[in-house]
Amino acid sequence: MNKVLFFAHLRDAVGKELIEINASGKTVGELKEELTEKYHLPRMETVMTAINEEFASNDEVIQDGDEIAFIPPVSGG
Amino acid sequence: MNKVLFFAHLRDAVGKELIEINASGKTVGELKEELTEKYHLPRMETVMTAINEEFASNDEVIQDGDEIAFIPPVSGG
Amino acid sequence: MKFFEITKEPINIQEVIDKVVQREAGAITTFIGTVRELTHGKRTLFLIYEAYESMAVKKLEQIGREIEERWQGSKVAITHRVGRLDITDVAVVIAVSTPHRADAYEANRYAIERIKEIVPIWKKEHWEDGEEWIGNQLETKAYPSGKPEEDDLHE
Amino acid sequence: MKFFEITKEPINIQEVIDKVVQREAGAITTFIGTVRELTHGKRTLFLIYEAYESMAVKKLEQIGREIEERWQGSKVAITHRVGRLDITDVAVVIAVSTPHRADAYEANRYAIERIKEIVPIWKKEHWEDGEEWIGNQLETKAYPSGKPEEDDLHE
C-alpha cells in the first residue's frame, strides 16, 4: 500500500490530507494522471512529486510502501 | 581659540586627546602641516580633517571657535 | 542543536543567531521574512503557512550543505514558522556566519532563493474578500518532468 | 527612539531589529559584525574600538538618509559598540527593512561599506606580541585633498 499526501490547494480539492491506495508498479506520471482525473485536481502541470521525501520525476516507478507527496509550487520564506 | 582632537594612532603620537590653540585664519592644510611637524605625526597623507564634525578640505579656512578633528583612516564595522 | 527547524511557535531570532556564532566568523547576516500588509495593493489580514514538515527539514538541511560547500567556513541555521501569522510576524529567520562579510550576504541571499524553490512550505493569504494558496511559480513556471530541473535543484 | 547609536554596552540585537519593523516590510536583513579570532593567520586577543562619538552618530544618520532615499520604503537602524571587545563579541548591528527582499540585502550591504568609509570609528587589535590601530585604507588609500572625495562621500 502507499500513502499519498496532498498539500495547499490540492488538499482543498481532495478534501483530505492523505489517501491510502495501492500504487506499486505505477509510474509517478500514471498515478498523477489517475488522481487528477478522479479528484479533478487543478494546475497539475505545475505540481512536483516526491517519493519518500525526495523529488521524483514522472517516469519513476512507485514501490510498495513508498510515501508519495504532491508538491504544488512552494511559497515559503 | 580652537579645540583640535586626535584619534587612534594620532592620539598615541600626540599623547593627548585634544589640544587648544588659536588656529583661526589658518587653512586646514596649514594647521595640519604645523602640527605634523610639531608632534612628528605619521602618515598624515592618509588623514582626513573635520571641522565641526563635517569633513573639510585642506583649503578650508578655520574660524575662531571651530572644533577641528584629525580623522585617520576609519576601521569601524 | 537543531540548525534547521520548522516550528509552530514564534521564532526567537537571537536563538537562531546564536547557533552560527563561531570564533572564525567576522560577519553574521540574518534574513527575517515578515508578513507584509500590502501585496500588489491588496490588504492581507493574516497568513496560514503549511509545511510537509519532514521533507521541509530535509530540504533546509540540503540548502545548508550547499552553502557550507560553496562558501568556505560558513555556518547556517534556518527556522521557518508554520500556522497562522499576523502582519509583521516573523515567518522565517536565516542566519549565516562567514569569516568575511561579502560571503555572509551572498550565502544568505542564496538560502532564501533556494527556500523559495525547493522547500515544501506553502502560504495561504487571507484578505477581507477571500483567501488563496500562493504559489510563487503558479502562473509562471511549469515542471514538465514532474520535478524541478537539475539546475533548479542543485545549481 | 534613537535609530543611530554608539554605545559602550553589549548590543541587544533584537532591540535594533525592533526599530525597523514596519507593516509595509516583508524583509528585514541584519548585519552583525563580530570580533574574529584570526586575521591573515594572526591571532587576535581582543579589540579596542574608539569613536569620535558625536560625529560618528551624525555620519550614521547620513548613511540612513542615503539609504532611505535610494531604496524606497526602507527603514534603517545602526548601533556600533566601542570599548574593549573580546572574540565573538558584537561590534556593530545594522538592521534594514524593505518591502521586498532584494533591496533589504543591497541596502544593508551599502550601510556596512559606507561605515567603513566615512564613520569616525577606529579599532586597535591586540595580539600576544603587540597591538596596532587598524586603518582599512591605511596602506591603500590616500586623501590628497584632506577629505574623502565627493564620490566617497555621497556616491
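Should a chain be cited, it is by its letter among A, B, C and D, assigned in written order, with residues numbered from 1 in that chain.
One rule holds in what follows: contacts are C-beta pairs under 8 Å (C-beta built on N, C-alpha and C of every residue); 3 or more make two chains touch, one makes a residue touch a chain.
In UniProt terms, the chains line up like this: A, B = Molybdopterin synthase sulfur carrier subunit; C, D = Molybdopterin synthase catalytic subunit.
None of these values were measured; they are calculated from a predicted model.
Any chain touching subunit A that also touches subunit C would appear here, but none does. Centre-to-centre, using mean CA coordinates, subunit A is 49 Å away from subunit D.
Centre-to-centre, using mean CA coordinates, subunit A is 72 Å away from subunit B.
If each chain is reduced to the centroid of its CA atoms, subunit B and subunit D end up 23 Å from each other. Counting partner chains per residue, subunit D has residues 33, 101, 112 touching two or more of them.
Residues of subunit A in contact with at least two other chains: 77. By the contact rule set out at the top, the touching chain pairs are A-C, B-D, C-D. Looking at the complex, you find that subunit C touches subunit D at residues 13-14, 17, 21-38, 87-88, 97, 99, 101, 104-105, 108-109, 112.
Listing the residues of subunit A that touch subunit C in their complex gives 5, 7-9, 12, 28-29, 32, 43, 45-50, 53-58, 69, 71-77.
Of all the residues in subunit C, the ones that touch subunit A in their complex are 33, 49-52, 54-56, 58, 80, 91-92, 112, 115-124, 133-138, 141-148, 153.
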